[in-house]
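Okay, so here's the structure we're looking at.
In order of appearance the chains are A, B, C and D, and numbering begins at 1 in each one.
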Amino acid sequence: MLNLAKEKLTEMFRKMLEIRFFEEKVFDLYAQNLVPGTIHLYTGEEAVAVGVCAALEKTDYVTSTHRGHGHCIAKGADLKRTMAEILGKRTGYCKGKGGSMHIADFSIGMLGATAVVGAGMPIAVGAGLSIKLRKTRQVVACFFGEGASNQGTFHEGINMASIWRLPVIFICENNLYAMGTHQSRVMNIENIADRALAYGIPGVIADGNDVLAVYEKALQAVERARKGEGPTLIECKTYRHKGHSRVDPAKYRPKAEVEEWLAKDPIKRFKEKLLQEGVLIQVEVQKIEREVAAEIEEAVKYAMESPYPAPEEALEDVYA
Amino acid sequence: MLNLAKEKLTEMFRKMLEIRFFEEKVFDLYAQNLVPGTIHLYTGEEAVAVGVCAALEKTDYVTSTHRGHGHCIAKGADLKRTMAEILGKRTGYCKGKGGSMHIADFSIGMLGATAVVGAGMPIAVGAGLSIKLRKTRQVVACFFGEGASNQGTFHEGINMASIWRLPVIFICENNLYAMGTHQSRVMNIENIADRALAYGIPGVIADGNDVLAVYEKALQAVERARKGEGPTLIECKTYRHKGHSRVDPAKYRPKAEVEEWLAKDPIKRFKEKLLQEGVLIQVEVQKIEREVAAEIEEAVKYAMESPYPAPEEALEDVYA
Amino acid sequence: MRKIAYREALREALREEMRRDPTVFLLGEDIGKYWGGAFKVTEGLAEEFGEERVRDTPISESAIIGVGVGAAITGMRPVAEIMFGDLTALAMDQIANQAAKIRYMFGGQVKCPLVIRTPFGAGVNIAAHHSQSLEAWFMHVPGLYVAVPSTPYDAKGLLKSAIRGNNPVIFCEHKLLYPVEGEVPEEQYTVPFGVADIKREGEDATIVATLYMVHKALEAAKTLEKEGVSVEVVDPRTLTPLDKQTIINSVKKTGRIVIVSEDCKTAGVSAEIAAIIAEEAIDYLDAPIKRVAEPDTPIPFSPPLEQYVIPDEKAIIKAVKEVV
Amino acid sequence: MRKIAYREALREALREEMRRDPTVFLLGEDIGKYWGGAFKVTEGLAEEFGEERVRDTPISESAIIGVGVGAAITGMRPVAEIMFGDLTALAMDQIANQAAKIRYMFGGQVKCPLVIRTPFGAGVNIAAHHSQSLEAWFMHVPGLYVAVPSTPYDAKGLLKSAIRGNNPVIFCEHKLLYPVEGEVPEEQYTVPFGVADIKREGEDATIVATLYMVHKALEAAKTLEKEGVSVEVVDPRTLTPLDKQTIINSVKKTGRIVIVSEDCKTAGVSAEIAAIIAEEAIDYLDAPIKRVAEPDTPIPFSPPLEQYVIPDEKAIIKAVKEVV
């Protein structure tokens, strides 16, 4: 996959860094009591969102989850408005009405995050049906966790996408845990990808910490979808670096397991590969890192300086 | 399987006849405008309920569906009280509150029918969990249609039964249609049994018009369940002789298909086998047929002569 | 004027809107050419518009609505059918948490023009899982509109408005209304949301009623007229938005109000209307507010039981007599 | 008397009932030893009773309730936890169509002693999918009981009654109440369903409030006292069965009623209580009924927006002043 254009590879690397730095900043701000509510960080899973979105075009759609910052950024959302939303500001994507768990940017096909686990799946299928009926060549990427794969919506949604051959790519972010619950305690199978058999669609597994592996599988699924051959279920094996949310210390995870996965850090791996293969040289990497850090600082500044919405705005936007 | 005791085989044959004659009578009564509401006849699918229930003990449980008369009778429900319920009488199993779609007899482990397609599946799983927690050796047989297998409850229910290794046997009555909808239009797979793979449990297919084939598969599943090895999904391929409900002429079914299946009538087949193998002789069969017909007449008489509930009884039984 | 059945009026609305706007499409269980909908509302539409636009679905209520949401926020105008109103319970998350809130949560970025047609109501002996009236659940969900047409005219006009509108709508039909005939003009028209209709004018008492109960209220009013009691029958036609003003104006005139609703009494539609009067028009009342509704029981199967729980003309007459 | 938090009171109730009755068991997402429940109510219980009786489930709300129903009708007393009240929408069929109706449909053959614990309420900035108050939906479902404890004492006593009772119960908790402390005796006790508690006596106006709003009502009452207005605060403690008599008696005494409820106003809890007064006690009223509730919007995320929609002491005081 390293025969991709340098520009493309650099862009993927940059996006992964954006997510990482963004999330680290959110974590800091949270610790300083500047983020209201709860947060679910995407740190450690960057290769999934970036690998998938790199296979999409701007007009394609994604649906997202409670752990959605990474999906937004990978799909091209503005960092400033994303951060502002998370801080509950008027300038945020949703004018402060949505917050961390409900960010959307319809202008880039980011159809929004739902905080009801699994609820986004039929919505993604509906977007796929809409594409079919409108006869565009768009596709939808639907993100969800392995925990969500036990919801009825997973079953009903994928089945419908399959029978109607809709251009939907189901991306299972298998980070092994749903809150404190290890996958092995809530399903009797090893691979979520095997559930594809129940719907007569391909189920494939990707190393979710290898952005190029994810990209490759996503690209195949996108091609299949655009050709009208229907959906694909892609399971990306990955891991979240932090706890589930807020202050979760994630003590339910064995230390060795955490260390094993930290060693597989998708950003570290991709960076090393890019350097090794000579796609980028050290100074280029450092430049990107500096640029991204500055971008994030700017986003934080923008968000911090933005005003809160006026209280009465709570009454707006209920009906169109 | 014909090495079963004559008594057992005769009992199975008798139950199948009971269901057939019962349903034909319900159909007649319906045509005479004596059955309120709607009806979903089990005619043609007798081998499934009887084959499964023959593998159960009295203390075992079953959960049922809108097409539930056959499940009741096979599990040993009283024909009089079943018919009385269908006619809305005070002497019916549910004192007229339930009707055709909601018959239960807790004294024989018939946990009742739900008219919400698929809703019985988690309830059956709950009964299975109860068995496990109470440490009895009971099992639960959960009946549902192939159409129901597209409901979220199918997915959530079977998954839970699997992870907890519950003694539940999931019996998919695949009669090819859900109302006017052929299976092929709502799922992209040939066999519902294949969905078992998604939960890591065995999925087996039985000729649903061969009562001994169903019995055999059910028996294996029951043994597995009683040993604590968990659930099994059994798909019984069968066909309903009549339309979906009431006045449905079932024009959506090709004539050749109907004829093919009518030729595979489970009662005719079993009768022929019993005669051929010398388990029963013609006069014995005729005697059973007469006896069952008389029983049904008696049930009808009982039901017809029974009083309706008093209107104010509508206010009873809301709370315990 | 020509008379057509409620069912046909609905079908005409669907047909006209589908001809007018290619983004309108239908989805639901057995709505297509093999069945035409459990109540035959969509009969013939698959033949005219094809199976792509009149789309049979698996038995997956939650996904039917979720798919509707996804299509609605990406440029389509889906009309989803849930075969029985009771089954909306299976899709409650998609209806109340997704469809209703998606615009608000995202700060007004998107509209969700999804219409959900579904029949409520008892009276045909199909028991507890197929007979409820659950409009009140949806009234309690901001972001949704709730339509409750009682006549073919209103059914057609409101359905067209629902489809053209930009908000999710629970379009409540009633099983017993499908065959009921009424005047419907040949020429196209719409009925706006939020405008009550005074189905009969009167002086002595106001009855507010919806769906099938409008007809029972009108019968009761006729009987009462013979006894010298003049009853005004107000049909809100939509519960959200609710035309409070027309109801209050009627109460100002009559000083008495009986609210008739087929749902279970507690926390039902009639509770909200009673509360509005108690808050905003109590000074005009010359008697307590009366609610006529189903008792708090599931719907029983057997005919005498079922008839007992459904509000009838007698109960309405009794309530009116208690207040005048 | 010792003081413990609402969360601990709930945990004590669970522990005592599990010790007393081996058929009691818990199920829900992350309620076991790896997390102890999202709000830590069940913390430590898996350690004492084992993972069989404190059972972590997959993320499958509908099946959690369905499994509860199946266990309840076969001799167990399950206590299911739905992590957030908003998510009951996913299980609405199992709650409203199965659990609530199973006894009735089957003619009283069976009981369904299933308790569903779930937290409602806004105030912690977790937006539209984690902040609703949906008690009214459940009040509208015959066959269910609905508990709404506002104090540690009531929480413990009502939960024990719920578990010992023979009917399905939606046991509504409130996120902001979990850390709130109150007096709870060491010795065992239960609080019966259907008996309101007068949390404060007064003469000039009645406030009916539930859950967290009881505390805001009490604060408002204190402030109003200083201004010479004596307010009685009635806490129904259970919405089904509802102790109408205590509410009506209070209104007889004060002639004024303000109903305070955190849910969306339209078709909410306050509507039903208002309707009861309008039907049965209107003659005792010296002023219109007032409802203080959330406006009809989803719950927004940003703190100033969220605070704006949650009823506060000021709104309660204003409403009381309008009626006295």
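The rule is simple: contacts are C-beta pairs under 8 Å (C-beta built on N, C-alpha and C of every residue); 3 or more make two chains touch, one makes a residue touch a chain.
If you're wondering where the values come from, they're calculated on a predicted model, not measured in any experiment.
> Hey, which chain ends up farthest from chain C, C-alpha centres compared?
Of all the other chains, the one whose centre lies farthest from chain C is A.
> Averaging over Cα atoms per chain, report the distance between chain C and chain D in Å.
That gives a centre separation of 30 Å.
> Based only on mean CA positions, could you tell me how far chain B sits from chain C in angstrom?
Between these chains, centre-to-centre, one finds 36 Å.
> Using mean C-alpha positions as chain centres, tell me how far chain A is from chain C in Å, no decimals.
Here the centre of chain C sits 40 Å away from the centre of chain A.
> Give the residues of chain D that touch two or more other chains, as numbers and ranges in rising order.
Chain D, residues with two or more chain partners: 57-58, 60, 62-63, 86-87, 89-90, 93, 97, 104-105, 127-129, 142-143, 295-298, 300.
> Identify all positions of chain A at which a residue touches two or more other chains, and write them in rising order.
Only 94, 96-98, 102, 114, 116, 150-153, 156, 159, 163, 185-187, 318 qualify.
> Think of each chain as a node with edges to the chains it touches; is that a line, ring, star, complete or other?
Here the contact pattern is complete, since every chain touches every other one.
> Hey, which residues of chain C end up touching chain D in the complex?
Result: residues 86-87, 89-90, 92-93, 95-97, 100-101, 104-105, 127-129, 134, 136-137, 139-143, 240, 242, 263-264, 266-272, 274-275, 277-280, 282-283, 285, 288-291, 295-298, 300 of chain C touch chain D.
> What does chain A use to touch chain D in their complex?
Residues 36-38, 88-89, 94, 96-102, 114-118, 147-148, 150-152, 178-181, 185-187, 252, 308-315, 318.
> Give the list of chain D residues in touch with chain A in this complex.
Touch list, chain D to chain A: 29-30, 34-35, 38, 56-60, 62-63, 86-87, 89-90, 124-130, 295-298, 300-309.
> With touch defined as at the start, can you tell me which chain B residues reach chain A in the complex?
Result: residues 150-156, 159, 162-163, 185-189, 194-195, 197-201 of chain B touch chain A.
> Could you list, by residue number, the parts of chain C that touch chain A in their complex?
23, 25, 52-53, 55, 57-58, 60, 62-63, 65-76, 78, 93-94, 97-98, 102-113, 142-143, 145, 166-167
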